[in-house]
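In what comes next, chain A is part of two complexes: it sits with chain B in the first one and with chain C in the second one.
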Partner chain A sequence: MANIEYLLLFLVGSAVISYFLTRLNSFIGSIFTIFATMFVFVSLAAYGFNMNLDTTVSLLPWFSFSQTYLGFFFVIIIAFIYLMVSFFHPYFLDKYPYKNSYNLLFLLSLAGIIGAFYTDHFLQLFFFFEMIIWTTMFLIPQGKSREAAVSYFGFSLTGSVALLIGIFVIYQNVGRFDIQAGLAGISGTTSVFVFVLFMIAALAKLGTFPLHIWLPLAHGNAPHPFSPVLSGALVKLGAFIGILALIKINPIGPVIGAIDLALGQYIIAFIGSLSIVFGTLMAIKEDDAKKLLAYSSMSHGGYILVAFSALNGFAFAGGLYHILAHALASAGAFMAIAAVARATGTTKMKELGGMIHKMPITYLAYLIAIISMAGIPPMGGFISKWLIFQAVIDRGMILIAVAVFFGSVGSFLYVFRPLAALFLGQEFREYKHVKEAPLLMLIPTFIIMGLNIYTGVIPKQIIDFINNIIGENTAFAPVVATTFTVTATYGTLNAGLIALIFGVGVAIAFIIFILMKKSRKVELMDTYTAANFVHDEHLLHYSVDFYAPLERMYEKQSHWMKKFYDALAHKVKEVGKLAKYLFMSNNIGVTLIWILVIIVLLIGVVAL
Partner chain B sequence: MIVNILVGIGIALFGFALQTSIGGINRKIVGRLQKRHGPRWYQEFIDIFKLLSKRGISHGWIYDFGVIMALGGIIATAMFMPLTVDIVAFKQFDNFFIFVYLLAVGMLGMAMSASGSGNPWASIGVMRALTTMLAYEVPFLIVALTIINVSDSSSLTAIQAFQQTAGNNWFIIALPLGGLVGVLSLMGMLGKKPFETYIAPAEIASGPMVEYGGKQLGMLFILHEISVFIEVSLFVHLFLGGASNIFIFLIKYFTVYTVVNLISNVNGRFKIDQVVKFFYKWPLLLAIIQAFIAIYLGWVI
Partner chain C sequence: MSAVLLIAIPLLAAFISILFKKYSIYLLFAVTIFNIANVFLATEGIIIIGGFSPPLGISLLVDTYSKIALLLVNALVLVIAALNVKAYPKYGTILLLVVAGLNGLVLTNDLFNFFVFLEISGIAAYLITASNKKPITTFRYLVIGAIGSSLFLLGLIILYSMFGTLNMVDMIKEIALNNNYQELVLPFTLMFIGLGVEAKLLPFNSWVKGILGHSNTFSGPMIASVYASAMGFVLGRFITNLFNFEGMLLTVVLVILVAGIVLSDIMAFASKKSREILLFSSVAQASMIALLFVNGIIIWAVYLIIANALSKTVMFMIINKAQKDVGSDEVKSLQGLFANNLVIGIIFTIATLSVMGLPLLVGFTIKLNFLTELADAGQIWTIAFILIASVVEGIYFVKLLLKLWYPEGNLIKVNYHLSFKLVFAIIALALLTFGVYQAPLDKLDNTVDTVMEVVNNG
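Up next is the complex of A and B:
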């Protein structure tokens, strides 16, 4: 029987051990990290699914744990992403300035995750949240930029403060820090207040509009093996807080009659849809592959918000399914980009091309990941988006639907860009020496590929587990699912059948292909160039400003949010300067003024 | 199950034969419109079989794999398509979203193959095709949302049955604004003028197909015919009440394709950003207005 307390202590212990091992030899330390993560993941998977984990506490005073289906759903996804990513460590660690602490912080942040989802105490939740933020904050600057970590910390801090105030408000009203009792105990204006505070925390963690600035900075500049964790796992903490606010607190407010939905939920859905549109437009424009995927995470965060705001069974199920599908898809895509970046040293799309000939398996991993990300069958993303569409249509949320459909079609555009720019097209001379990623890095790649397909073909087990969550947390009707089908308001989706028929179609096409005359193989440079002689591969690779005509249409508007936050940062700095001038100045005059003020005050007090 | 799959393959084959013939007839009609004789009605079959039998070039495995994936995806989509209320391979699984998104697999395969050819003109064509797609899909999906909400099902056979029920009009009449948007989106989907920027056959010797020849081009021709079949049938089923038997389906199909083709032939061509601006101005606005009055006010004729 696995005990949560022991798992936490095990992780902290292995974190310390891995620090010393990594100091000795980074490869050994990383292998140790893989096994430590694997042990934790296997323990969780073996006991957690049936809620058989031991929650008793004997060694850690003041801590208390309880297990819920909802918490486990998040924990198992995140622990899985951690495990997959740990396979990348042996090949990346040597490049980082503080490699000794990398594995330490990695394992500590996993401990934070497990604690956060298993605790039943608000203050501990906050403690574990901070533990995750502080450990990851030191992981991010190991990549390219320190500024990214500052931005990440700043926005996370906003979320944390909002969460903390929310917790205190709950405590003030209920008198307990117990999570379930606390959420159930508030009502009226208090619940609206807590709802707003919790949603700020959720938006900040999820990286959705308007608190999204940190997302591309952190994702784009984080160490390559850490970006999948950020996007696939850590932003999902925001979704968890979002569920607490939208489903559990669910404040009673004015109801919009036409769509039969509370105003609070509609506003959140609207913020979600803004997030979808902004994320999509920015992703289409972005040149850095990792930043592009970061903006896509922002847009998917919007989908998750829309799903949880719609307040019915299949929307909720769709949101949870989307969390799983997006975690797998974005982890797969980021890991593929990481493999390319390891081989070439860049993630800029304009500097890359033709990697498919050197890294076909990585290409396939990326392809499958983006098919799921774009919500195309037969991958997991299709089922989740289908469920969300049903909910949006059922509610008749027309304006939200515009954004939801725009994001869905727009995702075809942006996911295709790295595919074309990185992997397809001309093979550059400077990357002729590049080889496919090593076997140890291909293992997680294959596993994630398999799971992306599994989630899109056999939804039964996942939907069943989600039904447990629905029963545990809500009064919604469970989603009906058989081995291959999912049923929602407007019909039944047979995911297995779609995959089968797709296979049949490809088989027919393949037969046609193979029966006809064999083609003559020609070089990539041997293309139609309208009678011009082009000798440079770079000139035959179209990847810069791929969607130029479209980008031109919103070029001016695309900097609005950044300008707003720059202006805000400027104002904050000015206030800081004033404070510095008043309280920490070396200027003798200011000091004299303070002395005078204090003397006057003292005289005043004495005189009174 | 085997029988259903065979029916599906039959529908895909029928769709290919139907669209290739009607495409040929339409070439003749357009020829007469321009005071030419026009080719024979089976010219398109000749083109395709000639291409399939020729020896072409290959730019590497992704170039071939993309074509196979594209044609496979499109055949799979066609296999789900109902012809009439009764002739459908997989009853109750002919979900509307399958047609939109499984079609995308085919498009993705084609885009992949074209970009994999290493020709920048092909990539530019793909960019234009995807941008056009972003333009016409959103208004179309909003109208589809209205239809699904009103008819209470997303199964195409159920939507057909709903329109054929006594007292209900075809959706092109019941939702007139939506019907207009549907026609415009259909023209975008089919790549008809003024939205044919990504092919633009008369202007540039480029576009997604620039590197193709031989069997790959032949397969892409088949893909094109089947995808036109899917898109026009989708319009017939969503807006024109579907069909209760195969002859009605043929008449409606022929009418829709010919009308769209005739409209196309008296138009000029938009630039790619004009396409996007156009679709996000009037069709989207009309689609939203239609959705508002149909869903919130319940005004369905």
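Up next is the complex of A and C:
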């Protein structure tokens, strides 16, 4: 039987081994990493679904573990993303300045993830969270930007610190660090306080408004194989904390009568909807495919928050389903972009085009991923959004519903842009020699493609597992599901039937495509503009200024939040300079004055 | 062996070393090694000097607390001197004085005797900082240090005039009988400020910027690690046993310390020079240590002193060596320092992560333990301030680390001697080991400090 403790030690041990193997040869080290991750994933999957993991500890006596359906749901998704991404390592590592440490930090962070979701002790939760943060923080700067890593670390640390303060508030009131007992043991003002602190942690880690600045920076600049981990796996830590706060702490505050929802939850739902709107608007503007997907992650984080705020069974199930669907979709999309970036060296949309001819499988993977992301059947994202929409309407949260629908429509506007820009259109001459990704990279691509469809067609097993989580953590009614259908307040969704119709449609289209005359390939330069010969094909790329009129509407406002944080950092620096001027003066007299001030102050106070 | 030798031998050796200047540094090695052995052999308890039974005469107090302090101070002096034996060979005599002075500070149970040792170690410190070749900063240090020790002496005189004794144990007894804390506010404030100057607590520490900001591989770790830890230990002794802050004085001290932590981290955040970043982080740590002592969290303060001394030794030496070779300590000009010095880079990273208090390293264990004890004491606001400061700290350290790891433009060349790497690697390994395996840390508790026991049981 698999034991958590052994899994953790195994990962730490393999991390060290992978360092030396990678040093020897980065390919061998990466292959070793794949097997190590696979071993952990398979162990978890084999025993975890039925809660058969061994949680006893013998070698690490200061840790204690317990297994929950909720924790397992997160851990299996994240371990899966880690496994999938590890297949990319052999082809990427050589480009990184400190490639030897890449696999080491990657495996260590996975150990942190497993610990975080299996521990039943608050301080250990914090231990694992911090471990994840610092190990991943050193992975990000291997990509394009160091500032991205600082930003990621700063926001994550802010989140962790809020979490830790919350933990100590709980400890002060309950007297122990046990997670279940702690969350159950607080009430009144304390619970509001802890709720706020936990939500800050959740927002920071989930990368939602207003703590989202790090998200595009980190996702956009991280090493290509690490972006899927960030977006598909690590931000979900925030969702976990969000569930603890919204569902488990659930502070009793003023209730908004019209929608029968506590003010706290409504505020979070509102923040979630802001996140959806801002994420969507910013994604529409973005030219870099990875940053675009990062903003889409921000908007999806908003959906997750809305779902867990609505406090009913469908919403809760929808939120969890969305976590799974988005993890698969964003991992799929980021991995496709990583494959393109590996072949071409860029992720800027206006520099790319026509990749479908060279990388058809990658194209298909991206297509399926974004269909799920946009919430279109027959992919997983549709079912989750369908559940969330039901819950929002059911509650009568009109304002939120507007944002949720806006985000859904908006995602059509942006997710198809990379598809068109990267994969469709005409190809540039410099990419004539590009080839499809190697077989090892196609393995995870196929698996994720399959799962994206599976989650959209056969919801039964997933809903069943989510029902276990509902039963374990809430008093909500379970969601009814058969093999192909899900039933909610306003009817039954037959995902299987929809998929069938969709499949038939695709088949017909394919037949037409086969039968029709082949289209003639035209090169970009094969044209004249106003009788001038075009000398630079890049200017003709259609994705340049694609949504220019729309972007102009909010061009100025789009930098507000970034400016705010820049200003904040600047102000902190100025305070530092002032403090230096006041306390670190070269003039001895200044120090003397401080000493005198303190003495006089004390004597004055005591004399009074 | 008697603990008196811990002070007498270095003092004697200091005089002898003047005759054999060339061999003074080797004499120092022998003396520190002897001292370390002596610490293990010394019997615990009160040691009476000259046959005067207390409260008359001078007595020394040996307990686990002072043994830890002695071990740390002597071992660090040995290591730092050994690593600098080529670059700074002429400081043997001064270092012998340092050892005598700091050992005396830690051991003595007599307050006036304490003042004498404060002056001895102070003079030695001024001489050490003279190696910075920035006389004006040393001069400022000297003046401020003199002000500090005079304030301490003034407070001491007031106490003596009130209670008529200089024996610490005896004084504590008298104070307990007197039980009017208001009268003690003035002397205690003066003494706290006096010690605060040496322990570099904000706002009495303006000398630090000049001294550590221009430090070298020798003076940097000596001041930031050896002196900081010795002063931390004695400040702790005074706070826990003599001062026992109460009422308004407690509030003011807490505010000064918490503000010291937050402001120092913010000042480090605003700094662009690597040495300044390190020195402000040291100032924050000093305030943190004092804060723990004020809250009665002795053992974790002790561990924090040790962890901090080890990490800061490594960090200051690495940065100061680089500064010496490159000629600038601007973070910008040290970019990519570790690209060619992988081992040094990993060690520096480990030390930094430990200071930041990140998991797998001992700094994290210490941080969580003292935060838990603070929570037990109901100090949730203190915790909040400490943690908010830790965000600022985290950001500036990560910025520093990433700049040092990732080169921009030309690679800079700094060569670290093998002995540096070996010693640093051992320290890094220790930080890592105790970060993962904390059982040994749980063996000791707040009873390491036995002054109150002596007071109660005679």
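The definition used in the following text is that the second predicted complex is superposed on the first by the 544 of 608 C-alpha atoms of A that agree within 3 Å, B and C clash if a C-alpha of one lies under 4 Å from a C-alpha of the other, contacts with A are read in each partner's own complex, and residues count from 1 in each chain.
By our rule, a contact is a pair of C-beta atoms (placed from the backbone, for glycine too) under 8 Å apart; a residue touches a chain by one contact, two chains touch by 3 or more.
Everything numeric in this text was worked out from a predicted model, so none of it was measured.
Undergrad: One more residue to check, A:I598. First (chain B), second (chain C), both or neither?
TA: second
Undergrad: For chain A, which side has the bigger count of touched residues, chain B or chain C?
TA: Answer, by number of touched residues of chain A: B.
Undergrad: Between chain B and chain C, whom does A:G375 touch in the aligned arrangement: first, second, both, or neither?
TA: first
Undergrad: May I ask you to decide whether A:L493 touches chain B, chain C, both, or neither, giving the answer as first, second, both or neither?
TA: first
Undergrad: Is A:G425 touching the first partner chain B, the second partner chain C, both, or neither of them?
TA: A:G425: touches chain B, not chain C.
Undergrad: With the two structures laid over each other on chain A, which partner does A:I398 touch: chain B (first), chain C (second), both, or neither?
TA: After superposition on chain A, A:I398 lies in contact with chain B alone.
Undergrad: Does the superposition put A:I501 against chain B (first), chain C (second), both, or neither?
TA: In the superposed model, A:I501 contacts chain B only, not chain C.
Undergrad: Within their complex, state which residues of chain C touch chain A.
TA: 140, 143-144, 147, 151, 182, 185-186, 189-190, 193, 202-210, 248-249, 252, 256, 263, 266-271, 339, 353, 358-360, 364, 368, 371-372, 375, 378, 380, 383-384, 387-388, 390-392, 394-395, 398-399, 402-403, 405-406, 438-439
Undergrad: Which of the residues in chain A come into contact with chain C in the complex?
TA: 61-62, 97-98, 123, 126-128, 130-131, 133-134, 137, 141, 146, 149-150, 153-154, 157-158, 161, 164-165, 168-169, 171-172, 572-577, 579-580, 582-586, 588, 590-592, 594-595, 598-599, 601-603, 605-606
Undergrad: What part of chain B is in contact with chain A in the complex they form?
TA: Against chain A, the touching part of chain B is residues 5, 8-9, 12, 52-62, 64, 67-77, 79-80, 90, 92-93, 95, 97-98, 101-102, 104-105, 107-108, 111-112, 115-121, 123-124, 126-128, 130-131, 133-134, 137-138, 141-142, 145, 148-149, 152-155, 158, 205, 210-211, 214-216, 218-219, 222, 271-273, 276-277, 284, 288, 291-292, 295-296.
Undergrad: Would you tell me which residues of chain A are touching chain B in their complex?
TA: 258, 354, 356-357, 360, 363, 367, 371, 374-377, 382, 386, 389-390, 392-394, 396, 398-399, 401-402, 405-406, 409-410, 412-413, 416, 419-420, 424-426, 490-494, 497-498, 501-502, 504-510, 512-513, 516-522, 524-525, 527-530, 540-543, 546-547, 549-550, 552-553
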